[in-house]
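These notes open a run of structures that come right after.
Across the two complexes that follow, subunit A remains constant while its partner is subunit B and subsequently subunit C.
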Partner chain A sequence: MPATIQSFVAQGAQMFFVLAIAPAVTGITRKVKARLMRRRGPSIFQPYRDLLKLVRKDSVLAPNATWFFRSAPYMIFAFTWVAAALVPTLASGLMFNWAADVVALVALIGAARALLALAAMDAGTAFGGIGSSREMMIASLAEPASLLVALTIAFAAGTTRLPEVAQFLIAQPLEIRVSFALAFVALVIVALAENARIPVDNPATHLELTMVHEAMVLEYSGRHLAMIEAAGHLKLTLYISLIICLFLPFGMAPFDGTAGAWAIGIGSYLAKLGLAAVALGVWEVSIAKMRVFRVSEFLGGAFTFAFLAILLEFLSREVQR
Partner chain B sequence: MTNAYDVAHFLAGMMLVCSFTLLYQDRILAVLNTFAVQAIMLSLAVAWQGYVRNAPDLFITAAMAFGLKGIIIPVALNRMVEKLGIKRGVDQVVNVGVAMFLGLGLTSLALLLVLKVTPGAASFTREGLALALAIILLGLLQMILRRNAVTQIVGFMSIENGLILAATGARGMPLVVEVSVAFSVLIALFVFAVFLFRIRERFDSVDVESLDKVRAARAHR
Partner chain C sequence: MIGAGWQLQALFVALAIYAGAALAAVFLPRRRLGLVYAASAAAASLAVVAEISAFFGEVVLKEHLPVGLPGVGLHIRLDGLSAFFGFIVNVGVLMTSIYGAGIKRDDLSKRIEPLYPAFCGAMNAVLLADDAYGFLFFWELMSLSSWALVVSRHDDPESRKAGYVYLVMAAGGTMALLFAFGGLAGASGGYAFDTMRASHLTPLVSALVLGAALIGAGSKAGIMPLHAWLPLAHPAAPSHVSALMSGVMTKVAIYALIRVVFDLLGDPQWWWSLPFILLGATSAVGALLYAVQDQDLKRLLAYSTIENVGIIFAGLGLAIAFKSSNIPPAAGIALAAALIHALNHSWFKSLLFLGAGAVLHATGTKQLDRLGGLIHRMPKTSAFWLIGALAISALPPLNGFVSEWLLFQAVLTGPVFPEPILQFLSPVLGAMLALAAGLAAACFVRAFGTVFLGRPRSPEAATAHEAPFAQTLAIGLLALLCILGGLLGGLTAFALNPLLVEYAGAAAAINTQTGPTPFSLIAFDQGRAIYDAPTIAFFVAVSSFTTMAAIHLFATKKTRRSPAWDCGFPDPSPATQYTASSYSQPLRRVYGGVVYSATETVDMPPPGSLREGHFRIRFSDYLWRFLYVMPANALWAISERFDLIHYLTIRRYLVLMFSTLIVLLVITATFM
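Right after this comes the complex of A and B.
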């Protein structure tokens, strides 16, 4: 069946495309941050070199670390990669279409996070424990908000499947939707928290007592660290793609589209991804990190926004009926 | 007409968001700025209604909302804050998370109530009434949850914003009533100001908890 093969190839191509491009997104963000601080900064391809270097190096294990500590990085990477493959990026209507559900996505990311938190406690250091407990606190606040955003979108589009949502939004005429704007803000806040960016966590530090993500991966080295870093890059790209797919899906190609449609799909996706990476860099430079105890208020704000989005969507639907 | 509805929905929705921001913010100057933004959103919403319905008297209402509540009252409160020398954060009675949950609960309640009660009315009216009730309840909640007298005043003023929104949604109120309400709000501001300075003179603070202590002392006497 040629259609199945075509969709298989398209899905595979998208999976590897996302994997290949993810470190560059982090690289662009770092470069923008460095330039805004009047440093030259490393090349945007530095994350690739870092990954290569880490893979080549020996990995050092704590003597009391169990098999779980060693296998967790691969599982985390696998979960994150599957999640990233589910989000429609270049084209909608791929092979995993039936599985590309927002709720499934949240579950996959949650599973990866649970694995990381467990692995961090496995080595038995104090830092790992602190990191895990903070990560879980942040997650328990961020996940309700992200599910509410998913519900808002589902409420408007009538489905939680991402490709169908994207197609629905592309077909929709351009209009002002305050509920989508609120859901967008909520999802951006959640994405910042989930990816350990400023103001929730500082991705560039190793020595602060307030660190969250870095505290968890402190015991990892070599190829294990490479896996976790790659998963981190993927997660950032995944969240940006999710935001693009839910709020700015314009230009996305249908999977059986012509070569021209695919070219537009790739071009617009890359442009949006690049813009988001630059915006993230500018945002991180212009704001200070929050105290850990204020994070709950920040994420509570995201929850409030997401809830308001649902309420307003409900109101406008009821009123206009 | 959907387009007209969309803009109205957007402006009223932004007013509701401003109400939540008022609850969330714990810096006094930010609270005042948010209040100004809410009033400006209100004036835009009223002006939009005037434009859509071809009702020029609504433009006067919009201009009054903009001038009085968007500019004069925030500036006056700003000066008051400066004179009183309160720069520190606002004291909330409960923490922000609880305040947000209460606010969300009240908003849901308002929307469900108004939608149930007004099945036959026009969409503008239902929409305006629902969001206005939510804004009014949030203003009341803010007055309850704040200890600082200045932010309580802001809560009161945002209730008035909600009332104007409701009136606009329900075919507007007569201009005479409109003008008198606007001026009574302005007079209320003066009364508040006098009270504020008196409280400050007496207790060296605008924390209204000190009033409770006085009352308790009198009761014991």
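Right after this comes the complex of A and C.
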């Protein structure tokens, strides 16, 4: 069955495509930040070199570290990778897109997060606990917000399946819906928080009592750290792709599309991804980091926006149809 | 030999074994008491086989026994619903019995072993009762036997307090159920459930029955605000009994609610769903806010039970709402979510309680801040507990996520409700459930992290030992069930279809036959919502293993051990780790101020001073204060006033009697 083989190849290609470009997204953001701070900054390919370097180094484990500490990075990486591969990016209707809908996607990200927060506590250090506890506090607000955003869009589209959601949105006339605007703001806030970006967390900091994500991975080194870094790159790409898929899916190729449609799909996706990475860089240099306990207000805002979005969407059903 | 209807006979045999074991345990010498668990396990296995057969055979078996009330007898009925809940009960009993076989007999044994099979048998009998008298009799037997198990350690004042609160709540609950059945029976007084099904009630009476059933069964299930006994009593019982009470007995209460509301009470009104949805959403979030703060491993689990019961209530509420609005497919999905969550919760909560029991036995404490690092000394228990913790946090591909997913699918159908209140409530419910999912993960990451990971915080934790084989076997089997329940969630949902058709009116809202794989869980139809756990699990497993293999093969797999980095200042004292209280501090700052007005006072000595610093956290439990303590005090004050009546002279007593007679005569004359 050539169709099956074709879709299988397409799914595999998407999986490796996401994996391949993810570090570059981080690289672009870092480059933009550096340029705006009037530094030259490392090449956008530096994250690849970092990963290669880390993978080849010995892993140094704390005396107390257990099998869980050693296996968690691979599981975190796998959960994030599978989640990232499930978001339709280039084209919709890929072979395994059906396996998890948007609710499952949020839960897969949650699984990766829970494993990381647990692994942080394994070595029995103060910093691991700090990071883990703050991460779960942030997640306790960010996860429901992202779920509500997902449900808002899913409800508008009448399905929780991401490819169908994207198809539905492409078919919609271009207009601004209040509920979508609110959901968009909420998802952007969640994406900043989940990826440990400013103003929630500072990805460039170490040795600082305000850190969250870096505190959790402090005891990791070598290949294990590489896995966690790679998962971090993937997660950033995943969230940008999710925002693109849910709010700006225009240009995405239908699965049975022509070569031209695929070219447009790839081109527009890469352009949007690049734009988002640049925007993130600009955002990060133009704002200061918040105190940890202000984060709850920031994320509470996201939760409120998401809740208003779903409420509007639910109650305005009569008006729309 | 085995004829039609053997399932019911098998269940009678199982009940007889339970009863026999209870009686025999009174006379057996202490070293032989392990036999009680062997007998209970045998009875439970037999019952599980019979119930599976009855469920898939879709048989309805009835029996009328000449015991019980004169003229009424005892009606027995085994149908799909009782078979499903019987399966939950007996799988739980089987696992706790295997665990129980590994418990060392001690002085307490004589207080536990005779009551354990009685408790198990009573739960089974409640599910089979088909008349109000039998139901209440076995219900009360279940309450009392579990109460006796709670106070088995009665020299401990906390146990006594737990037992007292439980006894009051259980008695009140049974009283409320008595009123519910009284209302259902009506003036003609038909005790049998068949008569109740046939009778038609006025809206007012149905409302009263609903309220009484919610109080009676809801207090047993532990729904807020009737939950107060749960965090006291469940942890006080021996761990395998805690597992039964939290994992299984709450499900018997859910069964009672489904039986009354979906079966006996007739066609639902849309507003019946309101208490379910409101109480469910409140319990789901409220109980977790207590659970994330709690310092006691078993009490934390009891709070989490309240949360899960809240989720089941929310599912039932949505099912009622959809059913009354005549949207059967959505009602089917909501009911499936509730039933599957009941099944899932019975597995992971039993697992977590049994694991907590193993920890308690190994270290002698269940205080989170005295534990830590048990993954080194109790590797099996830790691994299984991790699976339970991830499952209860509703993370894929484990079983907790299946019911969560179904529930969100039902919530998404919310806007089709004709009533504006329900339209408004469904996104609110969605938001509360989403919040509960996030908090549950925080709660169980904290629990697993402080108990099993890190370094031991006390000598007891440092010298802990792995649980005996029978106990790790029981916990491991439950972990296996959690995994299988997650991977085969689609099949479970599909198997429930006959029940859904019967109680929600849905035909094949949940399908596995048309999906891309036989295991896909499909809500409504394939184009709308689909979740395939085995595929996801396969992808995660393959990508993690190939990545690991590739790195080990092409890069390096060398590992060195060296002191923890800890930002350059590693401290050898385990006291510098995060504790459970410090872990929950951010959550307390975010949620605690409003919910339980948590206040933190820091008494920091000035620089240079050698005085100790102090840090205090104060909570107030508003529900306990306003709904329990204040009414109890008021009752106490009133009864003290009436105490006067005990010290009157004989003349005054005669006056009292005479005036009572006059009042009664006046009432009779006026109203008759």
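Please note the rule applied: the second predicted complex is superposed on the first by the 316 of 321 C-alpha atoms of A that agree within 3 Å, B and C clash if a C-alpha of one lies under 4 Å from a C-alpha of the other, contacts with A are read in each partner's own complex, and residues count from 1 in each chain.
Keep this in mind: a residue touches a chain if its C-beta (ideal position, glycine included) is under 8 Å from a C-beta of that chain, and two chains touch if they have at least 3 such contacts.
Quick caveat: nothing in here was measured; it's all calculated off a predicted structure.
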| item | value |
| --- | --- |
| First (subunit B), second (subunit C), both or neither touched by A:Ile266 | neither |
| First (subunit B), second (subunit C), both or neither touched by A:Phe68 | second |
| Partner chain in contact with A:Leu315 - subunit B first, subunit C second, else both or neither | both |
| First, second, both or neither for A:Ala34, with subunit B first and subunit C second | neither |
| Subunit B versus subunit C as contact partner of A:Ala13, first or second or both or neither | neither |
| First, second, both or neither for A:Leu182, with subunit B first and subunit C second | first |
| Which of subunit B and subunit C A:Ala279 touches, first, second, both or neither | neither |
| More subunit A residues in contact [subunit B versus subunit C] | C |
| Contacts of A:Gly301 with subunit B and subunit C, given as first, second, both or neither | first |
| Subunit B/subunit C common contact set on subunit A | 296, 300, 303, 307, 311, 314-315 |
| Residue numbers on subunit B that touch subunit A, as the complex places them | 2-3, 5-7, 9-10, 13-14, 16-17, 20, 24, 95-97, 100, 103-104, 107-108, 111, 115, 123, 126-127, 130-131 |
| Subunit A-touching residues of subunit C, taken from the complex the two chains share | 372-373, 375-376, 386, 390, 393-396, 401, 404-405, 408-409, 411-412, 414-415, 423-424, 426-428, 430-431, 434-435, 437-439, 441-442, 444-446, 448-450, 453-455, 516, 520, 527-532, 535-536, 539-541, 543-545, 547-548, 551, 555-568, 570-571, 574, 576-579, 582-587, 589-590 |
| Touching residues on subunit A, where the partner in the complex is subunit B | 175-179, 182, 296-297, 300-301, 303-305, 307-308, 311-312, 314-316, 318-320 |
| Residue ranges of subunit A in contact with subunit C within the complex | 55-64, 66, 68, 70, 74-75, 77-79, 81-82, 85, 96, 98-101, 103-104, 107-108, 110-111, 113-114, 117-118, 121-130, 132-134, 136-137, 139-145, 147-148, 151, 154-155, 158-161, 164, 206-207, 218-219, 222-223, 226-227, 292-293, 296, 300, 303, 306-307, 310-311, 313-315, 317 |
